[in-house]
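As written, the chain order gives the labels A, B, C and D, with residue 1 at the start of each chain.
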Amino acid sequence: MEFASAILLQVLELVLALLVAPLLTGWVNQCRAWLQNRSAPSLWLPYRQLAKLFEKEVVLAHNASGLFRAAPYFIFACMVLASAIVPTLSTDLPFGPAADVIALVGIFALARIFIALAGMDVGTSFGTLGARREMLIGFLAEPALLMVFFTASLISHSTSLSTIVETFAHREFAIHPSLAFAGVAFTMVSLAENARVPIDNPTTHLELTMIHEAMILEYSGRHLALIEWAATLKMYVYSCLGLALFFPWGIPQGALLSNLLIALPSLAVKLGVGGFLLAVIETASAKMRIFRAPEFLGTAFMMAVLGMLVHLLLETGK
Amino acid sequence: MPLPIPELFSIDWPLSLVVVWLLIGGAGLLAPRNLAFVGKTLYPLGALVGLALAVVAFEALGEAPQTRVLVLGLPDLPFHLRLDSLSALFLLLLGGTSAGISIYAAGYLRSGEGTAPGLQCLEYHLFLASMALVLLADDAYAFMVAWESMAFSSFFLVTSDHRKPEIRRAGYLYLLIAHVGAIGILLSFGVLQSGGALSASNGVADYTFAHMRATDHDAFWASAAFGLAVFGFGAKAGLLPLHVWLPEAHPAAPSPVSAMMSGVMLKTAIYGILRVSFDLLHHPLWWWGVLVLALGLITALFGAVFSAVQSDMKRLLAYSSIENIGLLFVGIGLALTFRSFDMNTLAALALTAVLYHGLNHAAFKSLLFLCTGSVLHATRERSLGKLGGLIHHMPWVAWLALLGVLASAGLPPLNGFVSEWLLLQAFLFTPGLPHGYINMLIPVAAAAVALTAAIAGYAMVKFFGIVFLGQPREEKLTLAHDAGILERVGMSWLGILCILLGLFPVFVIDKLDAVTRPLLGAGLGEAVRAQGWLLLAPINADRASYEPLVFLLMIVAVVALTFLIVRRFWHGRVRRGAPWDCGFPLQTARMQDTAEGFGQPLRQVFEPFYRLTRELPTSFDKLPRYRMVVEDHFWYWLYLPVAHVADFGSRMVAFLQQGRISIYLLFSFVTLVVLLFLVRG
Amino acid sequence: MSLSHYYGQFINLLAAILLLLSFAMLGQRRILSLINLFMAQGAVLCASTVVVALTTGQSHLYWSALITLVLKVFLLPWILHRLIRRLNVKWDVETLINIPTTMLIGIVLVIFSFNLALPISELAGTVTRSLLGIAMACVLLAFLMMITRSKAVPQVIGFLSMENGLFFAATSATYGMPMVVELGIALDVLVGTIILGVFFFQIREKFESLDIRHLEQLKED
Amino acid sequence: MEFLLVLGIPLLGGIVLALFGHRQRATEVNIVFSFLTFLAAIALTKRIIDGGPERFYDEQFFIDPFNVFLVALTAFVGFTTSVFSRPYMRIEHDHGRLTSGRLRLYHSMFQLFMFTMLLALTTNNMGILWVAMEAATLTTVLLVSLYRTSASLEAAWKYFILCGVGIAQALFGTILLYFAAEKLLGHGGGALLWTHLDAVKGQLEPTVMSLAFVFLLVGYGTKVGLVPLHNWLPDAHAEGPTPVSAVLSGLLLNVALYAVVRCKVLTDGALHSTLAGTLMMGFGLLSVVVAAFFLSRQKDIKRMFAYSSVEHMGIVTFAFGMGGPVASFGGLLHMTVHSLTKSAIFFAVGHATQKSGTQLMEHIRGLLKISPTIGWGLMLGTLAILGMPPFGVFASEFLILTTAMRQQPWATPFLLVALGVAFASIFGKVQPMVFGESSLRTLPHKPAMLPVFVHLALVLMLGLWIPPYLADWYRQAARFIG
């Protein structure tokens, strides 16, 4: 019985992620529009866009290879897998043991590499340029993210996300100064990873400094739809990760369906606030030159490492 | 009476297989120019032997050590051989990898390139046999003989195409560093066998490893032996700052040889350092671990950073090998540190990561080198800047290369990820170390490892993207052909190994338990077995877990489902068109990003690592030209100064020989007088 | 006071003369004089051998004396004379270090070798007490002479003079080596000198001079 | 009987060839004599294997484990050198570098040289040993100047003077030895017999013996080529005909070192201290290091390998100086394999220089292309001499280095540096000679590469398996060398 409800929760969580992810993007866009004194687009615009893209036919470059066509499915699958692992509704997920935080970073890296390779496949200048920049962001963001996780792991003596969240949410309450550093680092990494200002600008298509959009310039139709959907999923997963690590309250332990009564509303509130804050950050900061990005991410990396050191210095009692 | 056939795990099997390898090599001399015979008969035979070796080594894992004494050797020191689990594991690595490479080589061999095929066959199989003997040797002499045979047979393989000066230079550098390193190893054995006791040994020299194991070493001499061993084996492995031969020799060698060297030979150095530091020396000091860890980290970071800016595909892979060797040394350092504080389970975790990564690196790096071999044959081009778009012309090679690239970048669910995962897990335990500073510094080292892994991914994307994707940068590339059937078999074998090693870590770790247990008295076997074959949880499931198979199935399921759903609810229409040209219709394939361009961001970030020479065109140039040379600081910091000192020394001694006989007589006279003065009363 | 006591004193006198001759050779600038000094050394050597033979009654020492006489007093000087006449060698000898310095070094050497030989002399209870030191001094002085001369012929004379010192040590200090050894040594010296002669002609033929400073082409640069 | 033949045949050969050495067939006659000497040496060796050490002719000669293998080795290398010199000298003659008269000189002196070396090895009399060593110098002086070029004359002159002076010091040492011995052994022939001296070595006067050893070491050390007494060696090796370089390097140096070691045994016994050993270690180490640094400057291939001989003699001297059963065993083995390897290298070098018409290394290129056998011979020989296993040189270096690590750890950094520098220098120069392209035509004559490969095969064998009786001799010899 326990197991069955766990499976159900897992499926629920997945479906929720797939459905809510575009909404989160829409929400952020709306908040941003408000903050910028623009009239906001519809909250449902991302869904309509996806539907439109699925309808459209795919235009492939003559020399696009199989890799190019397979990549969107693959990237999408990676993000789905990631969203299945991050605890949002319960910490007791059947897929939880399949991948711990290190593997989660691995999933993101896998998706990144596929999208970068796909960007290089057609052989246009924009694609390779985007791929190169994406990898530049990636090689700095990945270790930073890993170090954020390591800080959490050192506190909770585990790399399993479920255990980490359980430790933070349900064991004795303790203040971890190291998590503050980790939180700042994580925010910076999330901005970079989700192609947000100040690293990238998700709203433009033709700008010499763009990254993500440059890579997927050759995609169209259902391929583009999958990639966009994967991008929204990624943002959703990152948000949930941040919430799970730094604001874990409200994620119930155990696989009881009744827990949903607490879990769902708290998730909705947290995501709403999180999305708003993201919009605030994006509005308040200016886009950086691409070569400032390594500095930005280097700072994030240092912050994460510092967090780990702070933990070892102040919190292990030595 | 039928011949008694030894058990499959007996040491007689590997031994006879080594002899068969030697015989196959010798057979190559019978018809040195007969390509069909050498290529289609001898190399496949060698591959079979490799496979057989893998099987018997696998059987021997976990069995009690067996020894043999041969008639060969020095009078009081016949060759002692011993097959224990550590040897068996590396023999397995050798056999398994060489099976793929030999089959590939059978298809790869062409006539008319340097050394005659038959001779090359001899060198190649001598190389294999000597590596096997290195792993089996149980005394210092046998070890050194095998070790140096390995060095010079591979030297001849590297210089197969010795008409080219740069290849000769590479071979020279390689053999020189190998030889100096070998002297270091030899001296290390010298210390080990005496145990630092200058007079106690009353002149009887016993060079067997058994004796070394039984000897107690005081801290100073143990450290001396360890230091010399790190120097010697590090020179072979490509540890900084003795790495310079590696990026020269790997590109110079024919691709199967590069694969063999990178995949297997470097591991023999790892084997050596493990043998010395865990088996022959009893108790490591904590700073050994820290030293090795630091060296490994620097090496790994250096290798990764350099591999990302290379513009020659084999050099790129060679630097990537340096990076992986660095990671292996990081693991060894970690294991030593844990071991020095008697935290044996954690030491076993780190050591398992090392061994696992050794296996993985052998599989994926060999695969990648073989892929470059096929590319090289198809295009006669090694420079990344002149390749591109090959996925259309050589799909087999491309997809197998993609497999290797993903594994090499350490991505789940392939094999590279598992070992890096284990390594990082080991790092997360370091706060438990009872030493104030190390337990804080080592997590920082974990950050560097993570950074290294990420940069490695960068380099791998560059490698695959530039070679196989995009548009062909040269006209002739459209004529490229895919690899032949034998080459495909060889590469596929290694590719399958990558996948299997990635998907079934529990089996592998269970087997590695047999290796770590005799060395450390601890292993991960029980812990992983307790969780079942699906879930990998080296310590316990709460602490960390990973299920590669579930991982893969999930991805495959989602991909399949998505595909079906999209087809079901929408459509699968595709229209082909020209790529978007940004409104500039004159774009050619040459305008794609170059290899240098792809590496440029990294070059900028890690500028102090490189020694850059850049020639930028000016707007007045008739023939604008951009040239960029990335060099290694170590040449200027270490090697050239050493060369200068040697040169200075030789200039100094030249004063001894100025041609004037009176001066010569004076030398003799002064010598006489000085000696007389010294012995006087 | 027995006869042997006088013999002993006589040998000591001869030894002193030998040393003096060595010094003289060190300071000599002219080749002909050098050869003559060498001849004198041979004669002294012969005399000392005879005296030792008389003292000890070892008959084979007479043979040694005879060989010395023939070889070193007649044959070798004759060969050398012939050589320099045939080769038309310049008579003056140039030295690489000036003579007074050489002499000074020579004196230091003599003191040094006496010092070395002192403990040994105390061991030997015979007439030959301090002869070893003198022999050693002669050898070292000859060595010094070879170092300081820049022409081939004086160098060879130095070499032969060194042999004289050795021979003196062999006969006087130790009452003579076994006969077969002495014969061998004599043969070697003879053959050596002949070969030297051959060489002189060859060198002369090639370089048109016997200045060994021509022979400085083989070196490290 | 066998013993008489061993000494008699080369002496006879020297005389016969002095008379007929200019004839057309003299090269073959030379081979025949060398072969007969070799056979006699084999017979003698067999007799020793069967019957143990022996003394001959009123103890004037003796064969013990120390010199028996050197006798066999000398006869063997002499034989192979004569085989090699047949085509080599023919070609030199055809090219007009040598006249028939000089060939006669060469053949005669070659045999006499063999005689003197065998005499030096087998004599029990320290005086005769000196005579033979001096005679060995005299016979080879004329061989070095065989070409009568200005360079060869200069080399021969230096060789003659330096070795003559050196050997004179050895005579003084011998006299001192006699001086010390006659008190114990009485006046007469017995006092210089090594076996007798060895029996009473504990009572020899230490002061005298230490002085004697200094003179002997400087004297014979000059012939060994120990730095700083080595100056004659590179010149003589480079300027003489290659077969002479081969026997000089391969045999003469060994014989000289043999003499040093004989003296060291006596001195050690008398002094009860490590003085002799320390001196030898010092010289050995100095030679190894200095020679290694010399190597990188060389332009002439024979000169380079001559310095390499200095280096290896340094290693052996160091080993003997260190003493102990393992190091001495290593030293003896190193003497053997060094002669075999170095002479093989000189054979290969001889052919290579003849093919390319120069000894300058920068002009020798692509030997593998001109003649694979010469190329491989030179390459393998070089690797062997540089201490690459499984060649025997490595076996001995292994023993010596590991023992050094145990007994004299301070010396190992020097050895490490020297071996590294030597490797870098020699291999860096040989590799482009063997590999690469060449514009030279293939010459019509066939090189006599058999000796090269026979030597290398033997060296290879010694690296992997040492015949039991040989090992036994080494062990026994090592025991009394101490």
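To be clear about the criterion, contacts are C-beta pairs under 8 Å (C-beta built on N, C-alpha and C of every residue); 3 or more make two chains touch, one makes a residue touch a chain.
Since the model is a prediction, treat every value here as computed from it, not as a measurement.
> Work out the mean Cα position per chain and let me know which chain is farthest from chain B.
Of all the other chains, the one whose centre lies farthest from chain B is C.
> Quick check: more C-beta contact pairs at A-B or at C-D?
Counting C-beta pairs in contact, A-B comes out ahead.
> Which whole number of Å gives the spacing of the CA centres of chain A and chain D?
Once rounded, the distance between the two centres reads 77 Å.
> Between chain A and chain B, tell me the centre distance in angstrom, where each centre is the average of that chain's C-alpha atoms.
So the centroids are 36 Å from each other.
> Rounded to a whole Å, what is the gap between the Cα centroids of chain C and chain D?
31
> For chain A versus chain C, what separation do you get between their C-alpha means, in angstrom?
100
> Hunt down the residues of chain C that sit against at least two other chains at once, touch-wise.
Residue numbers touching two or more other chains: 116, 119, 143, 146, 155, 212, 215-218, 220.
> Send over the residues of chain B in touch with two or more other chains.
653-654, 656-657, 661, 665, 668, 672, 676, 680-681
> Two or more other chains touching the same residue: where does that happen in chain D?
157-158, 161, 165, 169, 207, 211, 234, 294, 297
> Per the touch rule above, enumerate the chain pairs that touch, sorted by label.
The complete list of chain pairs in contact reads A-B, B-C, B-D, C-D.
> With touch defined as at the start, can you tell me which chain D residues reach chain C in the complex?
So the residues of chain D touching chain C come out as 125, 127-128, 130-131, 134-135, 138, 141-142, 145, 148-151, 153-158, 160-161, 164-165, 168-169, 171-172, 175-176, 178-179, 182, 187-189, 191-192, 205, 207-208, 211, 234-235, 238-239, 294, 297.
> Applying the document's contact rule, which stretches of chain B touch chain A when the two form their complex?
Contacts found on chain B: 388-389, 391-392, 395, 402, 406, 409-412, 417, 421, 424-425, 427-428, 431, 436, 439-440, 443-444, 446-447, 450-451, 453-455, 457-458, 460-462, 464-466, 469-471, 535, 537, 541-547, 550-551, 554-556, 558-559, 562-563, 566, 569-571, 573-582, 587, 589, 591-593, 597-598, 600-602, 604-605.
> Can you name the residues of chain D that touch chain B in the complex?
Within the complex, chain D touches chain B at residues 157-158, 161-162, 165-166, 169, 207, 210-211, 213-215, 217-218, 222, 227-229, 231-232, 234, 275, 279, 290, 293-297, 324-326, 368, 383, 386-390, 394-395, 398-399, 401-407, 409, 412, 416, 419-421, 423-424, 427-428, 431-432, 435-437, 463-466, 468, 471, 474-475.
> List the residues on chain C that touch chain B in their complex, please.
For this pair, the touching residues of chain C are 96, 109, 112, 115-116, 119, 140, 143-144, 146-150, 155, 212-213, 215-221.
> Given the complex with chain B, which residues does chain A contribute to the contact?
My answer: residues 54-55, 57-63, 65-67, 70, 73-74, 76-78, 80-81, 84, 95, 97-100, 102-103, 106-107, 109-110, 112-113, 116-117, 120-126, 128-129, 131-133, 135-136, 138-140, 142-143, 146-147, 150, 153-154, 157-160, 163, 217-218, 221-222, 226, 291, 294, 301, 304-305, 308-309, 312-313, 316, 318.
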